[in-house]
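Structure in structure tokens, see below.
All chains are identified by letter, namely A, B, C, D, E and F, in their written order; residue positions are counted from 1 within each chain.
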Amino acid sequence: MERFANRGHNELRPISLEPGYVKNAAGSCFVKFGDTHVLCAATVEDKVPPFLRNTGRGWINAEYGMLPCAANERVEREAVKGKQSGRTQEIQRLIGRALRASLDLAVLGERQIKIDCDVIQADGGTRTASISGGFVALAFAVQSLLKRRKINKNPIVRQIAAISCGLVDGHALLDLDYAEDSTAEVDANFVMDDNLDIIEVQSTAEQRPFSKQTLSTLLELAEKGIKEVSNAQRTLFS
Amino acid sequence: MERFANRGHNELRPISLEPGYVKNAAGSCFVKFGDTHVLCAATVEDKVPPFLRNTGRGWINAEYGMLPCAANERVEREAVKGKQSGRTQEIQRLIGRALRASLDLAVLGERQIKIDCDVIQADGGTRTASISGGFVALAFAVQSLLKRRKINKNPIVRQIAAISCGLVDGHALLDLDYAEDSTAEVDANFVMDDNLDIIEVQSTAEQRPFSKQTLSTLLELAEKGIKEVSNAQRTLFS
Amino acid sequence: MERFANRGHNELRPISLEPGYVKNAAGSCFVKFGDTHVLCAATVEDKVPPFLRNTGRGWINAEYGMLPCAANERVEREAVKGKQSGRTQEIQRLIGRALRASLDLAVLGERQIKIDCDVIQADGGTRTASISGGFVALAFAVQSLLKRRKINKNPIVRQIAAISCGLVDGHALLDLDYAEDSTAEVDANFVMDDNLDIIEVQSTAEQRPFSKQTLSTLLELAEKGIKEVSNAQRTLFS
Amino acid sequence: MERFANRGHNELRPISLEPGYVKNAAGSCFVKFGDTHVLCAATVEDKVPPFLRNTGRGWINAEYGMLPCAANERVEREAVKGKQSGRTQEIQRLIGRALRASLDLAVLGERQIKIDCDVIQADGGTRTASISGGFVALAFAVQSLLKRRKINKNPIVRQIAAISCGLVDGHALLDLDYAEDSTAEVDANFVMDDNLDIIEVQSTAEQRPFSKQTLSTLLELAEKGIKEVSNAQRTLFS
Amino acid sequence: MERFANRGHNELRPISLEPGYVKNAAGSCFVKFGDTHVLCAATVEDKVPPFLRNTGRGWINAEYGMLPCAANERVEREAVKGKQSGRTQEIQRLIGRALRASLDLAVLGERQIKIDCDVIQADGGTRTASISGGFVALAFAVQSLLKRRKINKNPIVRQIAAISCGLVDGHALLDLDYAEDSTAEVDANFVMDDNLDIIEVQSTAEQRPFSKQTLSTLLELAEKGIKEVSNAQRTLFS
Amino acid sequence: MERFANRGHNELRPISLEPGYVKNAAGSCFVKFGDTHVLCAATVEDKVPPFLRNTGRGWINAEYGMLPCAANERVEREAVKGKQSGRTQEIQRLIGRALRASLDLAVLGERQIKIDCDVIQADGGTRTASISGGFVALAFAVQSLLKRRKINKNPIVRQIAAISCGLVDGHALLDLDYAEDSTAEVDANFVMDDNLDIIEVQSTAEQRPFSKQTLSTLLELAEKGIKEVSNAQRTLFS
């Protein structure tokens, strides 16, 4: 199975993580996995959702959007349609859940960090890129809270990254691009910490049911990919 | 770990599948997993989504709703709020995806079967009950199409069922009720066919990351549960 | 004029009132008039509408919905359309107004009881069934307030029931089913208390204007029907 | 019981019907009942609702609105709130139903006449004023269709008018103004043709149930009022 | 270039300003420029937008609407469409901005005056008529605040009026009616105070770019028109 | 008056126009005026708005959006609020109007080019940057239509650019940044072609009325700025 640019079946696309991309956010990261480009930006807010008021605990939530011209075909602007699609909501709920797992929310204290993930260009894997880049934006926002002495202890307890895998034409592949993703028989997204413990697994048969063995194979590919993304994240914080 | 009504860790709640519950639907099933009660009803429509027009292929989609008084606390009516929540959309997308996997959509022909899943009472596992009951409603709607000679060949190629599992207080449990679900460390939903091949896996760390071994344990529990739900479904069609 | 199941012109369909149908509501009643099935459920809320704040008076309001597969033709889900139809709003305003007439709102105190009426199956007369069943749900919710000593005096001052009548093919009929209702020349809904005093009359010429005499005839039929519904309600409280 | 301006219990407020108030509508009427002022305007459209396509039959429907400053307290603009209230929808459904009763829709042919009723100033009875004035706008629009030979036969088969009555402080009164309406024990709206046959009756107990006798008394008052409104309408068409 | 009713190129249409048109508003003015009729009404509210709370400063804002039958072709009701159009929002933002310039908002104190401008009949120039009439409604609302001693000093620091001009078939014309406006090559709206200092200029090439000289010519026409409108306003306050 | 980075009163901020920024759009341009960064992207669509069907004429329209973290304070996502603000609609209507003036729409033929302008970072002047960058995206989309022989003749008849000016602390300044804009006494936006003929002027008194002389001064500054932006655009097409 030949991949674009002679990529191996277990190879990531070239990745780039550029922190500080926008000047107004508390933390930001422009993340690229090949031609998938996502701008992640973190904002610290002094309020929390109603169910957390007066608990001393904080919250992380995420919003996801795609510029109309990001994808192959122009996608109608959700602000014009008047609502976020089911796909958008599903993705931003996943990103929020994944990033919440990186913090001790009691240490964060009663504040919320909102992570905006806006896809500038889409070529497969926008949700996993959003998680991997969103963690960087979040970590820089936390550093700024520490620097400004809003919090005294680092609430981040584990590093989070994510990657997609899939079965394409019978081959298990790491980090699918759009062409691969749209013909995949099985599609899977993995979120893990830097010990390769699992935060979330979502795996779907796109064409026919798959075996436990296939799930294991994809999981192993994901471990390799996430280890590399974690390393790339780590270079920014040393 | 003691469960309600002395249920074993790998035991389902009492399940009941009552077909033909409403007289106007093409197929229907009132499904109960313990105190979780869902009314599933199938409608055949002669139109398909735009991307399928003139392809000769059909479609299955699902809508999910919860009566305001179904849950512990009254939930505001989505018709009043003016939109479906992200949770609702995520669930109905899952149900639709799962049920689509049961058919050869080319044999179904250019028509859509819509599966309405309305939760009358909620006690955990409403989405997996919707899939298991929705399959029954769908199968009866297909039988009616065959009887009325709208289609000549049965498009159903595999039986679909679903179950939830979780890690609660360190114990792997099958078919969580609400009390268990709301304190689970790991929460997982599995959709499989009657060969126990996988249609969808969704597993989330609610409190801390989990190992590959945990995922395997939950998968095995799910296999046992789904085998039993499949058997219950099968008795309706013999 | 022959009616379905040899029903007489002044006969009700078989009626059934099943209280306690859902475990989470403060009071509930699954009401059936023939093939018309409605689940009524009452929730007590500690807040009142703004215009009642600090008046010591309470409020009753109602919400009405229909499952998509309840009627002959599938009806689009209002949560998907993003708003309640004019018909839905008109009906739920009527139910609320009717049930408010059963209480002394000053004795209820500054709380609101919300009555959810969800049509599981529709065969004519869903709004009057909702009122008759909604009263039962309301009464059980009030009993629970009394038992839990939230209120010391019963605020219910009169029993409320409702029925539809109509002129079909020149014949005055009690309790129209869908087939009768859709061909009626005159359509009328009556809400009364158990002294047969009037709470609300709505009568509409569907095909041609009608005389005062016709209105009187329909009113007398309604009195007979409401007496029987009141009796059925009363058996639940003795 | 003394009424404003020494009005008798069975006297209408001064009424005025001014046709042709706006130049762009097919028919229009600025109607006043005392300080209640409503602009009614009719538009002929070449399309009908889907259920009437290819039936050769036409349709009448109505829309109702209130300028924000029409009432005692400014009412928020429904275009800003993003939806019509339940009250608005209930009123415009009543107006449409009432005016449809004035025509033979088969003679009208496959076109729709839309009646816009916009309240410029509100002092009670806006819905009945809208019906009485809406009939005038409709009749002028029909005359214009006849003149332009779009139809050959007059589809209007009866003249329609409406009035409100109520029980205030134990007295039955005709044509309530806002001060009377807001303290009424019983509130009733009547729509009749010029033979005083009934199109619609809506009567509601605002404070306590009422007897059949009260309903009769209010009906007789309405007959007197509607006769006078009909006469006023008739002077415009002779 | 001949204009309707032999109007000169620099002549206004007949204008009329009728204050006190509706009894419930704090101030109101029914303004006519030829066949353009707008009802402007002012409401005083005791709250201000969030960004002004506890600043001691007040606010003016405007809402604009058009009755469905005001224009040549019936325009769908924005309350039915569920939102205000971009055109409506642009116009009401302009009216609000223009009228705010007439007051010292610190003298007004922490209250808001809302100006509703509802077009009863449209024949070009509705936004400028709304500003000219809205100023009158505002001024009467301020007088009422002074009379009721809610404020001690008049916050109005300048009189505001507005007019449209345009280049039609090569001729610069004052106060365009609809027929002129819809064929104009250049369209301009001017808001000025009674010293003819500028509050707002908006000038748009509808067919081809225009020169600085054209802008000057239109500005001079506007000065003449606004002087006359200001005089008409002034007669109401002497 | 000292400006940031010692900029002269009639000096632009450093500008940059980077075409081809996203691979999927027919034409695109990432435009920077200092810290104001906007991504403009053009999509060619084969449909036109209803009023242009079967006229042989095309259309240009624009949509404008701002990433939540673009501005100083995070702005709520319009897709979440469920509608575009009045400000957004006003801006996108201006951009569309301005860019339409650059083409002969009959030569474009019955197709629409949609210009998406998304603000990545905001520091004043986002609407004028969107017009200047949008023209570049449009021109590249047109070149691609010519290359693919969808059209045979270039429909672009004039080059369009825009700039803001203002009076700040009594000084007339070119190309205001956010700090200047938010304290400006007068704010003006100019759109011109490369002959410096005017497409649109919008000038608003933010604090007190201004004279004709001020308008002239701002217009002259704008001419200088637009000449420079035009030159920068031109280097991309030679």
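In the analysis below, a contact is a pair of C-beta atoms (placed from the backbone, for glycine too) under 8 Å apart; a residue touches a chain by one contact, two chains touch by 3 or more.
This structure is a prediction, so every number in the text was calculated from the model and none was measured.
**Q** What chains, if any, are shared contacts of chain B and chain D?
**A** Chains that touch both chain B and chain D, as defined above, are C.
**Q** Give me the chains shared as neighbours by chain A and chain E.
**A** F
**Q** Are the two sides of the chain D and chain E contact the same residues or different ones, given that same means over half of the numbers occur on both copies?
**A** Mostly same residues: over half of the interface numbers shared.
**Q** Just send me the rotation angle from a CA overlay of chain B on chain C, rounded to the nearest 5 degrees.
**A** It works out to 180 degrees.
**Q** How many angstrom lie between the centres of chain A and chain C, each centre taken as the mean Cα position?
**A** 51
**Q** Just give me the whole-number Å value for how far the CA centre of chain A lies from that of chain D.
**A** Distance between chain centres: 59 Å.
**Q** Among the residues of chain F, pick out those that touch two or more other chains and give their numbers.
**A** In chain F, the residues touching two or more other chains are 82-84.
**Q** In the complex, go through chain E and note every residue touching chain D.
**A** 22-25, 28, 35, 39, 41, 43, 45, 63, 65, 67-72, 74, 77-84, 88, 114, 116, 118, 120-121
**Q** Could you list, by residue number, the parts of chain F that touch chain E in their complex?
**A** Touch list, chain F to chain E: 83-84, 86-87, 89-90, 92-93, 97, 101, 158, 192-193, 195, 197-205, 208-212, 214-215, 219.
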